[in-house]
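As written, the chains take the letters A, B, C and D, and residue 1 is the first residue of each chain.
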Amino acid sequence: MKRQIPLVLVFVFGVLLAIQYFVPSEASQRGYEFVLDWITIIGIFAMVLGIWSQIHVGYNKIKHRSEDWQYSVVTLVSMFAMMFFGLSFFGGLHGTIFRLIYNNVFIPIQATIFSLLAFYIASASYRAFRARSAVSTVLLVAALLLMLRVIPTGPLADPINKIGNWMLLVPNLAAKRAILIGVGLGGVATALKIVLGIERSYLGKD
Amino acid sequence: MEQTVSIGTILWTTVGVFLTFCLFSFLYKDNPFYKFAEHLVVGVSVGYWAILLYYNGINPNLFSHLFVFANDPTTGAEFNTWTPRLKGIHYIIPALLGIAMWTRFSRKYSWISRYPLALYLGISSGIAIPVTMKNNVLSQLRGTVVGLGFDWSVSGFLGVPQGIWDVVVVVGTISSLIYFFFSKEHKGAWGGTAKLGIYTLMIGFGATFGYTVMARISLLIYRIQYIRDWWKMIF
Amino acid sequence: MKYIILLFLTCLTLCLSQAILAQTASLDPPAEAALVPSEPPAPPSNVRVSDLPNDDGHGIQVKWNLSPDDGAGAKSVISYDIYRADTPDAPDSLWKKVGTAVLGIKSYADKGERDAGSRDYLPKHTNLYYRVYAVGAGVRSAAAAAGPVQATDDWFNDMKVPELVFCVVFLILTVRFINMAKKGADLYVRPLAGIEAIDEAIGRATEMGKPILYVLGIGTAGDIATIASFTVLGRVARKVAEYQTSMIVPCIDPVVMTIAQETVKTGYADAGRPDAYKEDSVYYVTSQQFPYVAAVNGTILREKPATNIYLGYFAAESLLLAETGVLAGSIQIAGTDQVSQLPFFVVACDYTLLGEELYAASAYLGREPLLLGTLKAQDYLKAIVLVCMIALLALRVITGADVIRKPFDMPWW
Amino acid sequence: MTLHDRLLALDRRWVFGVLALFVIIPLTPMFSNFSVPVTPVKEVREIYDFIEGLKPGDYILLSLDYDPGSLAELHPVAYAMLEQCFAKRLKVITLTLSQTGAQMVEEAVKDVADSCKLYHGFTPERGIDYVYLGYKPYPGLIILGMGMNFRIPFPQDYYGTTLDSIPMMRGIKNYDNVKAVINLSAGNVSDYWVADGNARYGVKLALAMTGVMAADYYPYYQSRQIFGIIGGMKGAAEYESLCKNPGTATEAMKVQVFAHVVIIIFIIIGNLAYFLGRRQTAPTQESR
């Protein structure tokens, strides 16, 4: 009951949906769409668990006055404030305050975190691009040449540009293809392990 | 040109700029400002996501099947009348599955939540098997033969015919694939080919890295321009 | 419909401009390029209709022979318009335009909608009639209506034979190797540095008395990369429990969190220490990419984990997380199926599982015969793909483009 | 502690600081007159040279098929190229095949025409020096239709004037009457131009596109199906420099160049320190 039925469910639904891919009939399409909705709906209901997890972790920190507990107050307050202003009374998703917070807190923070990458890509290049071995030298040279494309190098600009394009279109394409094929096989194998019940640790013990 | 900006806009933009600085301060070291911004954005994003799921998730995906929706006569906006809709009665199943997730709050019945989880994984895995086989394996196999032109008359890089380079792409793909074999040790000719594969991979990685730098710097430029615009707005 | 109105307007405006130009003919040279509504192009012939194969029963295939005026001449066809009606002799107003094909095209798939309410609804099992117009510069002519035809369901999509063949072959290989493994056959796999590092890394965390951070990526529980990460997580949790160290698993999705909780709990139970499992060690952060990164980065700097493991689906956050981990002095092991993010992991992490190696990791860690069996099956299918690739390349190079291209242009692919 | 030890253990905050400095400084007003030299690559120069080689009164078609999302990368090319064409007194036919681009393109074309007064002492007139045909859906059909006659997809221009009452369009029938088509695009419209415009009608075609897309279209350049390609911000800056008309792309590229130089110098310093250190100590353990 606790472990066998879920395993049967995984197997039956896994096999059915794998077969569904090959069956274009209307019943099969409708079934597919219905089942996809299940996934979405389970995900939505699970959000309650996510929010509970946030509250639980935050509450424990505040209760035990553990380090930085004050910030958990910030998280909880801002979370509830956002939900409060998102109520349909305030206009839901289009409520004024909701939009203002979204546009002036959420968006700038999001964009700024993304832009930190500019700094990290620089520090990573400095630290990691060292000609330690043949392999790392190849990595270094390839990256350097592509970066040099941006810099005005006078008569060298054309050859550097050509090498850069060649690297993107020949070795890069080959590498991408090989990885994608490998990923495909590995992915199918993993999915198969789940469907056949070879991997079952997510079902717990007992 | 004189532009009038409302005090509200200035205040809200200043909040955004302040938070931007809070986050940049992380580059120096972890500090209370960063901690504040971090915890704030986590809270706001959870709240935002929950509200978004309510309006754009549960309403169209579940309630619209289970209940009758009507249009508000004045605003035209749709709203839920909470009258059951018999045609969508089969949506009771996902609703029950969703509620089963909540059994995790109880120690005794939490095993019931394994049913929806098992379905979730079973369905996703089942869908993935043929689709992954097609998109990753077959399409790439096709790409190696049809995607490339194998044109011997056009001269490509270094004056070498483009067709030769296309063969090089296939050879690179093959040697990289050989690198990924698990059953055979990298020794002898096999190891040599695998070595060629790892060099191909590394050139590809290096090129992608170098190529991406520009896009990342652009992100920073936009941020600095955002601060500059705020500066101009205030002064 | 828009298009027809447009063409009609063309005619109209041209007629008008013609009239105006005629009045000022002495001033302007005749506009030779102006579009003169000429004779309509000859209609297409032999219109054939049939049920659209491999669909859900709401589509019709329309084919015709090209109009003799297709391609050249003053009254050349520009496009073909396809119309549909319930009876062959319906008045023009009841013919519904369903699509347009450009010149030189000889067929059109009328793919209708399933729902009776929608605009493009195409009923199943109902007699339908089709008419094809050859449209010239503002004028058109129609072939005789074709039909009746009925749309029907299909139970097998024969375009998908290649996938089916590959999937079945893979299944057979997997079952075969699993059986071999069960019987005790010794299945060799070469060592992978990144995976051996996981063991070491857990030991290191124990020595340092610091936790292990495990990030499952930003995918949902339905992404195969995340599922692969669960399988590794179970084994890592077991080792963590055995070594009596602790772990932190921040999650980006509530379902991922739930499954991760069960997995970690199982790992602890397998190690015989179910009581050591703490509920709060696997927690939900937020569902948005960058806020999630901000929180995890903060955690990395504050907890200073001995080891960071990033396995799963990653996007731009790969480098954000990995660089912060370097600052915290953690040993970092990463793996993702995302080709565009691998370079950043390779550069910033100590060990990177490239693509397929991520999926192999659980088999390596568990060393269970069943899992090694699937690994072997993977290798064999890879060999088949390789042989196909070499064979296709050879054929292509030896015989030239056309011979090999043909089978690949089949709708199958 | 020797120099190379110190460099090897360099705090990353130095990298951050130097990078920030070199990104912010070029954006300050003090540096607005400062510029970095840009060396245009062959595939960009070829487009410029082609347009320069045209005679006044020649026709050229600009298909500006990008949406506001890619404005940063493609607007500079559009501006520089339009101005170059106007200055050469070419007759320019413009249109867009991007749904969200119609108004943006109209503004851009007007903008350049108006600014010509300032720099070249004359204002190109709509209907005489240029025409804007506006937006129509189905790019493939439009491109094919224009191969027969511009009037088939575009009986009127954007403002509702019939083509035959536009002076510059008299006697202009199809691609045979234009010297080249330049397609600025951020989507798959370029595929239609290559497949339908070039392959079917033999249009002389050049492309300008976002940086991400450009690499995928180089094979067409190699096989000479297109005679030039302008890729991303870098290509835009190169084109601006060829036209001696520095704009936003040049400013952004200035920052990019600084940032890239900083990163490359750091990589070189890192390697120098590593080699100096290695000579004195045993090679360190390798890690990927």
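Simple rule for what comes next: a contact is a pair of C-beta atoms (placed from the backbone, for glycine too) under 8 Å apart; a residue touches a chain by one contact, two chains touch by 3 or more.
Here the structure is a predicted model, which means the values were calculated and not measured.
J.: Specify the chain pair with the maximum number of C-beta contact pairs.
T.: A-B
J.: Relative to subunit C, which chain's C-alpha centre is the most remote?
T.: Computed centres place D farthest from subunit C.
J.: Determine the centre-to-centre distance between subunit A and subunit B, using the mean Cα coordinates as centres, and give it in whole Å.
T.: Those two chain centres are 5 Å apart.
J.: From the C-alpha centre of subunit A to that of subunit D, how far is it in Å?
T.: From the centre of subunit A to the centre of subunit D is 32 Å.
J.: What whole-Å value do you get for the distance between subunit A and subunit C if each is reduced to the mean of its CA atoms?
T.: 16
J.: Find every residue in subunit D that makes contact with two or more other chains and list them.
T.: 12, 16, 23, 215, 219, 234, 256, 259-260, 263, 288
J.: For subunit B, write out the residues touching at least two other chains, lowest number first.
T.: 23, 26-27, 35, 37-39, 41-42, 44-46, 48-49, 101, 104, 114, 117, 120-121, 123-125, 127-130, 132-133, 137, 141, 144, 156, 170, 173-174, 177, 180, 201, 204-206, 208-209, 211-214, 217, 220
J.: What parts of subunit A, by residue number, touch at least two of the other chains?
T.: Correct list: 18, 21-22, 39, 42-43, 46-51, 54, 68, 106, 109-110, 113-114, 116-119, 121, 123, 125, 127, 129, 135-136, 139-140, 144, 147, 149-150, 165, 168-169, 175-176, 179-183, 185, 187-188, 190-192, 194, 202-204, 206.
J.: What part of subunit D is in contact with subunit B in the complex they form?
T.: Going through subunit D, the ones touching subunit B are 13, 16, 23-24, 27, 72, 211-212, 215, 219, 222-224, 232-234, 252, 255-256, 259-260, 263.
J.: Under the stated contact criterion, what part of subunit B meets subunit A in this complex?
T.: Contacts found on subunit B: 12-13, 15-17, 19-20, 23-24, 26-27, 35-58, 61-62, 90-91, 93-95, 97-99, 101-102, 104-105, 111, 114-133, 135-137, 140-141, 143-144, 156-158, 165, 168-174, 176-177, 179-180, 197-214, 216-217, 219-220, 222-223, 226.
J.: Hey, which residues of subunit C end up touching subunit A in the complex?
T.: 54-58, 114, 124, 153-157, 160, 163-164, 167, 170-171, 174, 178, 220, 222, 224-225, 227-228, 230-231, 234, 253-255, 257-259, 262-263, 265-267, 269-270, 274, 279-280, 283-285, 287-291, 293-294, 302, 316, 319-320, 322-323, 326, 337, 339, 342, 344, 346-348, 354-360, 362, 370-371, 374-375, 377-378, 381-382, 385
J.: Taking the touch rule as given, give the residues of subunit D at its contact with subunit A in the complex, in rising order.
T.: Of all residues in subunit D, those touching subunit A are 10, 12, 15-16, 19-20, 23, 36-42, 215, 218-219, 234, 253, 256-257, 259-264, 266-267, 269-271, 274-275, 284, 286, 288.
J.: What residues of subunit D sit close enough to touch subunit C in their complex?
T.: Touch list, subunit D to subunit C: 12, 137-138, 140-141, 144-145, 148-149, 151-153, 155-156, 162, 164-165, 170-173, 177, 287-288.
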